[in-house]
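Same chain, two partners: chain A is paired with chain B first, then with chain C.
Take a look at the complex of A and B:
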């Protein structure tokens, strides 16, 4: 029986980054990944680095917006983490942080932007409001219909396919063992620590990190834990390459849109348009199968992109793909140690590209004995009532 | 470049690529014409030379512009036609 200090389930961004931090801190780490590095949401997302409050937090009432604003401390840390990441990993990840615009097309949306920016500023995020002409002065590609934009100088994007791989390589270099094609077949708590098995090996670890995105709830269930993370399916798109001209991350405060230009010149377009999750024969959702594209999502996503940046209409769409991520019951990420199961850590539930490197660093720091109070706002403790009858 | 022995072709026609007059045979794609002109059909973002990659419509790295209307097409899936004007930008 092989033993490790920490077992990690999930070879996505958070799992690989956590493995890296722990291994270089001297811990013996083994990571189990059911498929291959970054095959889930870590490799399917479009690589936005977004630090303005997300649209989804602004359209579901004041209470949620207020709560989400309190994650600003994590965003401030994430900005520093991303700015240092390429140097620290010694890898070219196409990190671009030239700023991001969240645009508004109606007077009502401008009002939402104003309230959003007041919240962000109160939490120490340096976003500011630009009127339409000011926005077009720095982003000439914006439509004449844009009335205002929230601007964050730190937003941008990175190559999602490169980032997780770089974390995995750094983790392996630091001594972590990363096992691919090793789906977990059983998981249980021991008197001290945890035992995890895959087809050909059983491992024991003092601690366990569950960071497997849409599969997190399933792994937690094997440990007799409820974890309210639900799979959701999204649409992403890429246009043909075009001359460099869109240097910002562009989002919309009132419509689902995120847009950026890759290093190679393609425009990536997404922003939370749904795809249809596959269902297993027993009626449950099956996150392993590719979600089905919804034509109305594609049309709506393209319309939002063209209305915001009209030059996009001239480009050919060369690829659309669907991917599965996980969303928590209250929309905020779930990151931290499960209070009713000491030693068991969970990380998932959205924004985990932008905030993933920070989640990983803070979890490793807290496991190493140095408290990470920034994670309190996203702790799984807020869902412990779900586990109060779990025996 | 083309196979010459035991091949019968119809009469060639001419077309323009970046203002250069080139020759093609009926049934050939624009990509064929580009590759005969030069194995380098474009450049990657880092400046590296780029050739024809998948040649089956998937990678979309061979997109060219049909002039004067400006329509963008995949060179590997689009038949060359007499008198065509093609831009590589």
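Take a look at the complex of A and C:
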């Protein structure tokens, strides 16, 4: 029986980054990944670094917008983390932080932008409102129909495929053991610590980190723990490579849209358009199988992109893909130690590309004994009522 | 074009035509979709009508196919949707299929209760030093130029590979007025002869299929075209474009090269639809799995011809007729006994053609004959991924993981060309290859967008 200080389930961005922080702090870490590194949402997402309040937090009432604004402290940390990441990992991650625009096309959307920016400024995020002409002056590709844009000088994008791989390589270099193609077959709590098994090995660890995206709730269930994370399937699209012309991360405050140009020159277009989750024969969702594309999502996403940056209409779409991520019951991420199960940490629930490196750093910091109060807003403590009968 | 059809046939080649002909008279609303403007498939790729070509594809080899093409073109009551690519194939909520097409008139959508995939095959792309120089073609590409455009893309052409089809292509090139510097088979003549001798009955029964290759070889010899065996291609040389090839026997000057190592099924659509696939053959690629009525594992989805394994036009015709009868059976238009009687003879012929195809597969097997790549050889042309870029990723990862790590297969062709090479490098027979993604062909964003 092999023992480790920390066992990590999930070889995505957060799992690999946590392994790296812990291992270089001297901890013995073993990470189990069911498939290959970064093949879930960490490798399927489009690499946005977004620090303005997300549209999904703005269209579901004031209370949620207020609550989400309080994650701004995490965003401020994430900005610094991303600015230093390439140097720290010694890897080219194609991090570009040339600014991001969240555009508005109607007077009503401009009003939402104004309220959003007031909230962000109150929380210490340096965003500002540009009128249409000001926006077009820095982003000439924007349509004449854009009336205003929220601007954050820190937003941008990075190569999602490279980031998780770099964390994994750094973790392995620091002495962490990363086991690929090792799906968890059992998980249980011991008097002290945890025991996790995969097909050919059983491992014990003092602590356990569950960071496996859409599968997080399933692994928690093996420990008799409810975790209100729900799989969702999203559509992403890539155009052919084209000359560099779209410098910013472009989002829309009133429509589902996120757009950026990669290092290679492809324009990635997404923004939260749904795909259809595959179902298992028993009717439950099966996040392992590829979600099905929804034609209306594709048509809607392309229309939003063209209305925002008309030049993309002439580009060829070369690939659309669907990926599975998870959202929590209240839309905010769930990151931290489970109060009713000391030693068990979870990290999931979206925004985990932009905030992932910060989540990992803060979790490792807290496990090392230095409190990370910035994580309080996303702590699983807020869902403890679900586990009051789980024993 | 209507919005709904009883049956959509993707591909107007020998299999698609045969299925449409088998279903005539049943009153079905049938659409046949093809990327070419005119039916025929690759084997009878038609020149533009404006060319006024006479005596096109006049050889005896093509007589049966030309006869079927004539019957198909005379069919009334079916919608010929030429010049259109199928970008996507999915199930709709009412259990019919939705096909997304793109063509000159933009993107169109049609629904069909049943779909027959008869999408044919493509040349296996074979990377080797120099293969991205202008003037290097897939041998089938040269043949397509000759058949449909009436031009030969070179004056002195070398054909090299392992597939006997290169004899026919060389013969057609010579007949079209260009010269062939050499035809090089990587395998030895003895090895090919031994395989023929091991299956004398199969070979004898299919003498009509073997004779054209023999006749082509004799004609090439008479014209002084060297046909050499046991000669492996080492590299293609040239500055701005092809100037020659280096082989195990030395250098041969030429201005164009046709590579002929085999053919792989067009598999994007069955994979996108989630149909069960199998490893296609020694050349690589994926073939749709079918039952005795050409049904795939997806209810309502059928496949026939090279999509189910490369076996030649005659086998494709048989499979198309069987698929037609199977679809009629499943739609209740034919009773089981009647359907079986209708195809009894076809099944016998089909089995015979498949046996011959299996023999040809063994003779043409490129395994062990692939040219050696250099570290700088580009494997994925779309994304310019070199062998050296891939080697560091081949640590037990899946093809999809290598794609994410290296960009191999991320370009406009969606891995159609590089996937077989990558899977050979991975050497993991259980790896299912790249996930098939929409769109099967690149398409302009503006054509896909919802109306303003």
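For the reader, a short list of remarks on this structure follows.
Following the convention adopted for this analysis, the second predicted complex is superposed on the first by the 391 of 391 C-alpha atoms of A that agree within 3 Å, B and C clash if a C-alpha of one lies under 4 Å from a C-alpha of the other, contacts with A are read in each partner's own complex, and residues count from 1 in each chain.
Here, contacts are C-beta pairs under 8 Å (C-beta built on N, C-alpha and C of every residue); 3 or more make two chains touch, one makes a residue touch a chain.
Keep in mind that this is a model prediction, so the values were computed, not measured.
Superimposing the complexes on chain A yields a three-chain arrangement in which chain B and chain C clash.
Using the contact criterion defined above for the overlaid structures, shared-chain residue A:128 touches neither chain B nor chain C, since it reaches no partner. By the touch criterion stated above, A:173 is placed in contact with neither chain B nor chain C.
Using the contact criterion defined above for the overlaid structures, shared-chain residue A:188 touches neither chain B nor chain C, since it reaches no partner. In the superposition on chain A, no contact is made by A:115 with either chain B or chain C.
Shared-chain residue A:240: touches chain B and chain C both.
Once the two complexes are laid over each other on the shared chain, residue contacts for A:264 go to chain B and to chain C alike. Once the two complexes are overlaid on the shared chain, A:318 sits against chain B and chain C alike. When the two complexes are superposed, the chain touching more residues of chain A, out of chain B and chain C, is C.
Within the three-chain overlay, chain C meets chain B in a clash at only one of the listed stretches 63-71, 261-269, 279-287 or 405-413, and that stretch is 405-413.
When the two complexes are laid over each other on chain A, chain A has residues 240, 264, 314-316, 318-319 in contact with both chain B and chain C. Residues of chain A that touch chain B in their complex: 240-241, 263-265, 314-316, 318-319.
For chain A in complex with chain C, the residues that touch the partner chain are 35-39, 43, 161, 165, 180-181, 238-240, 264, 290, 292-293, 295-296, 298-300, 302-303, 305-307, 312-321.
For chain C in complex with chain A, the residues that touch the partner chain are 88, 90, 98, 100, 109, 383, 396-398, 400-401, 404-405, 407, 410-412, 414, 435, 437-439, 442-446, 448-452.
Taken in their complex, chain B has these residues touching chain A: 44-45, 60, 63, 70, 72.
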